[in-house]
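First subunit A sits with subunit B, and in the next complex the same chain sits with subunit C.
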Partner chain A sequence: MDVSTAVICELLRAVTEKDIHEEDVISESRYLEDLGLTSIQLVDLVMAIEERFNVEIEDVDLAKLRTVGQTVDYLKQKT
Partner chain B sequence: MKANGAIGITGTGSYVPRTPVTNEQLASVLDTEAEAIYRVTGIEQRRIRDERENVYVMGALAGLRAIEDAHLRPDQIDAIYCAIDPLGEVSVPAAANLVQYLMGMPLLQTKEGGKAPNYCPSCDVVAGCCGPLFALEAAVGRILTDRHLRNKRDTKVLVVAGDSMSNVVNWRDRETAMVFADGAGAVVVEDLEAASSREGVVALDASRPMGVLSIDVASDGDKADLIHQFSQNRATQPGEPSRCEGVTKRRFVHMKGAEVYRHAVRRLTASLKAAMAQAGITDKDIDHYLPHQANLQILRKVFGDAIPKQLDRQVDGSKVYTWGIVWEGNCSAGTLFVALDQYNRSGRLSPGMTLAMPTFGAGLAWGTVVLRWHKPAKPKIDWETFQTDRDREHDPRAEAMYAQYLDMVSRMEAAPGPR
Partner chain C sequence: MMADWLTSPLSPEWLCALRDFCGQLGEWSHWQSHGFYLATRWGVLWFLPVIPLVWAFEFLAPRRWWLVFLSILSLAFIAFGLMPWPIDGVFPEQVAHHGGQAMTWARRAVYGLLHAAIVVLLLVGVYRLARTGQQRCRQPGRNPWHPLVAAVLVLIAGYFVLYGIRSGWRRLGEGAYGLDAFVILPNFHEAGLAYVFVKSVHYVWDSCRGRIQNRSWWRFLCWMTFFPSFRVGPIERYHDFFTQVHRCHRRWRASDLLHGWRRIVQGALKGVLCLFLGNQWLPAVGDQLADTVATGGASSVPYLTVWVLPWMVLMTAYLALAGYTDIAVGLARLMGYRMAENFNWMFFSHNLSELWRRTHMTMSRCLRDYCYYPLVRRGPFRRRPAPGGSAGQQVGHLLLPTVNFYITFVFCGLWHAPVSKMILWGLLFGTGMAVFELWVWFWQQRVDHNGLLYRGLARAGLAGGGWPQRVLGVLLTIHFLALSVLLFHGPELFFVVTRELIHRPFTWLF
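What follows is the complex of A and B.
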């Protein structure tokens, strides 16, 4: 599965039910502060990522996934 | 009646505190807004105990009600398993001993006034919110042990599960204060063929399996940090003063809410599937889901569209029970049997119905029991009427039990040795 900002954006739209456009999201976009996710939506995003990429993200790794870019890099290593 | 060795629940009981704590009341303490509390948890109000409604009193009242619902008397109970965590109250002996004592079992008398104590074995099977399932499995095990090793087929086990989470909640901690509550539930578990000798307890014939169809339980100690509470005590060496001395700080329950949410959704979903597969059924066969009332967001994630977007004060519009979390909060080990008791007493269960009861909590521990109901249906009562009557209900035994509890505390405090 191709890991990209576009895929993360697609999952963000599904989780938040908001119209999040790819051009508004950069690698440094922070989920909570910049994209306005609630903590529950962030967990929903992590679960959606796990399902989409068939990976299990450990609790200790959650703190590393604060931005879209961090998530893409993490998934590239994992998959 | 033939029951093919089936084991099932023949009585239910519960007790939740009468006083609600609303989001408005909590919002000022937590420096937030009532609407924000509802949005995060789905809770409108939670039930918090008063001084007299301690966990032993709640457990004993729930236990006596379950025994009555099974058309039994306390002298007929053969064993008690309690899923009650003392949470800062009496750590030794087991809560089950105090529940047995408050139910009056060691002090029972004959009609003539002679002693007729019931010294049935009583112990705790504690596993956080999952305790009722572990204790239920222990009860089934006890019945099978009696059947196979003691040639006894009429064993009656009382399972009591509940918690007084307000003992350990820090009211300034949003992660826990918004969610937790107090309450207890109980069930009587029996061999159904033996129980059918009593009028009005077993209504279903053995044309298909009934009673407990499957139990799936599991634990992950690697996630022990996600929900935890330290006691105050620590090991000391001879001559060293107790580290409790002078300690007045309460040890609060702590929860990593976001991580718990993720694991809860994952484990509850998997456990439901495992228990249904074990029982040889699918979700189409389930009449009611009575899940642990952890948090509405968790339940929405697990059950999806099966929970209506707009909830009202009724329960009949959905297969998934969520009323408890909205109106009573999360009383930890208590919620499963409280929900079952409400459905039984309000006439929402009839013979042949299949129920799935998944739960998840500290441990981490999780599991599901699948039941096929076999008790005769009670008259159906409008849900709001049922709940209003329940709130008005005054059980005079509560005061007597609390007095009995205080008497035991004074006896404990009379034990020799410095304090």
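What follows is the complex of A and C.
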């Protein structure tokens, strides 16, 4: 499956149940600081990503996924 | 009427707590001088003359000997720091045991080497544990998480047992037999056991997960004992450390030297400031408080003093750790290494979550990666998807994972010192984080963003990330931290100071 900011945005909408517009999410958007996710919502997002892309994300790798762009790059490497 | 609360008399509980607090000040000021103490005895200012030797070896010796050289140098540092030091009053018991300066330097050196050898033995144990854990994790048909969890539990048990052995030995030595207790067994707390423990968990965990491939003994020893960061961190990850070692070998720049010196001077100044706060300012405030206690409340302590008290405690603790970090980072930079930072403008955090991303960062990252995330993803109180597949944004679904905050922060408290007051500190911070999580959830999920309330607050800047909201957040966060640090000195002090701070402004009302 193609990994893109749009897909991450869709997953963000699912885990936060908020109406997040694609134009508001850029590659540099940080989950905790810019998008206002809590730590539990971040874990929700990781679980959703794992399920969608059928990958396993190590706990220590979560620190690398601070922004949408970093997540996209990480998933491109993994898939 | 409003001004009455500023001069209102103190309650009896408050006076009792202050009296106890003043009683502790003498001992406490010794502890608070740690900033300077770390910078001199343990720190690495003593090792500055060794730096030219390090440079010479780096250039002249074969590269394969570099890690061995660094390890031996670091072990010399550990032996130096663990020698009995009856000079600075930090451990007056030692002075009593050895009759002041009666112990010869040769004997001290022997004890220092003996203690360093005990530290190496402990490290051998950790190294073997990581190897065994990795082999068991690779065995076919075995759940790889079971050996990992078992290995980490062994480390946790070992950490607390070592603390217990030390304090038990101390009581035995002091009370029953008058043995030379302080020199027979190393003071593990002084030896940086807490940081060795965190690094051990990182090493064992990553080895078991197959993330550390090159696991030679000298690499392990060099990373574990790296002398600038051995005693109080920063906690450098294994891969990050060797990235620096390989990148920086025989590459120095003038900017590194300048930056290194700047950080060392900066750290030493923080240590001196910490010493001033601990030995001059705090005792002065303590005398003032003692007068108040003696006169039974006839002269009341100003509200400002009550408010400043937690700040002083917080600042001294911050200066001690930040000062040492500066010196450690500066010394490593003189060798060309860029170590991880521990603080990033922590006093400007506008919520508790951000506070932990800016405070003692290397430790809080380890807590997050090796405690919080595994718990919230795989632990008994893990985040579970709601029926139907959605993540579940009902409050009931959120309450269970917040238990992990309590576990994480109680563990963090016990890591600082395995005593009951640190459990209280962990519960307080766990509650703070849980409340923050639910607060964000409430404003995200339950408040209509087009409603009158939200729009009104947003217009006033109190919602939607406006600057008044951020300023309010910063003030609340830092006061929460300052008050929570009082728990380090006992729950009574925390409760009465908090009560007075909240209650006194409203005495005119009630």
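Here is the rule we use: the second predicted complex is superposed on the first by the 79 of 79 C-alpha atoms of A that agree within 3 Å, B and C clash if a C-alpha of one lies under 4 Å from a C-alpha of the other, contacts with A are read in each partner's own complex, and residues count from 1 in each chain.
Please note the rule applied: a residue touches a chain if its C-beta (ideal position, glycine included) is under 8 Å from a C-beta of that chain, and two chains touch if they have at least 3 such contacts.
Everything numeric in this text was worked out from a predicted model, so none of it was measured.
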{"item": "Partner chain(s) touched by A:A48 [first = subunit B, second = subunit C, both, neither]", "value": "second"}
{"item": "Contact breadth on subunit A, by residue count: subunit C or subunit B", "value": "C"}
{"item": "Contacts of A:I40 with subunit B and subunit C, given as first, second, both or neither", "value": "both"}
{"item": "First (subunit B), second (subunit C), both or neither touched by A:L62", "value": "both"}
{"item": "Touching partner for A:T16 - first (subunit B), second (subunit C), both, neither", "value": "second"}
{"item": "Touched partner set for A:L32, first subunit B, second subunit C, both or neither", "value": "second"}
{"item": "Shared contact residues on subunit A - subunit B and subunit C", "value": "38-40, 43-44, 46-47, 59, 62"}
{"item": "Subunit A-touching residues of subunit B, taken from the complex the two chains share", "value": "40, 223, 226, 256-259, 261-262, 265-266, 297, 301"}
{"item": "Partner subunit A, residues of subunit C touching it in the complex", "value": "205-206, 209, 211, 353-354, 357, 365, 368-370, 372-374, 376-377, 383, 385, 390-391, 393, 398, 401-402, 436-437, 440-441, 444-445"}
{"item": "Contacting residues of subunit A [partner subunit C, same complex]", "value": "14-18, 32-33, 36, 38-41, 43-44, 46-48, 58-60, 62-63"}
{"item": "Interface residues, subunit A side, partner subunit B - complex", "value": "38-40, 42-44, 46-47, 59, 62"}
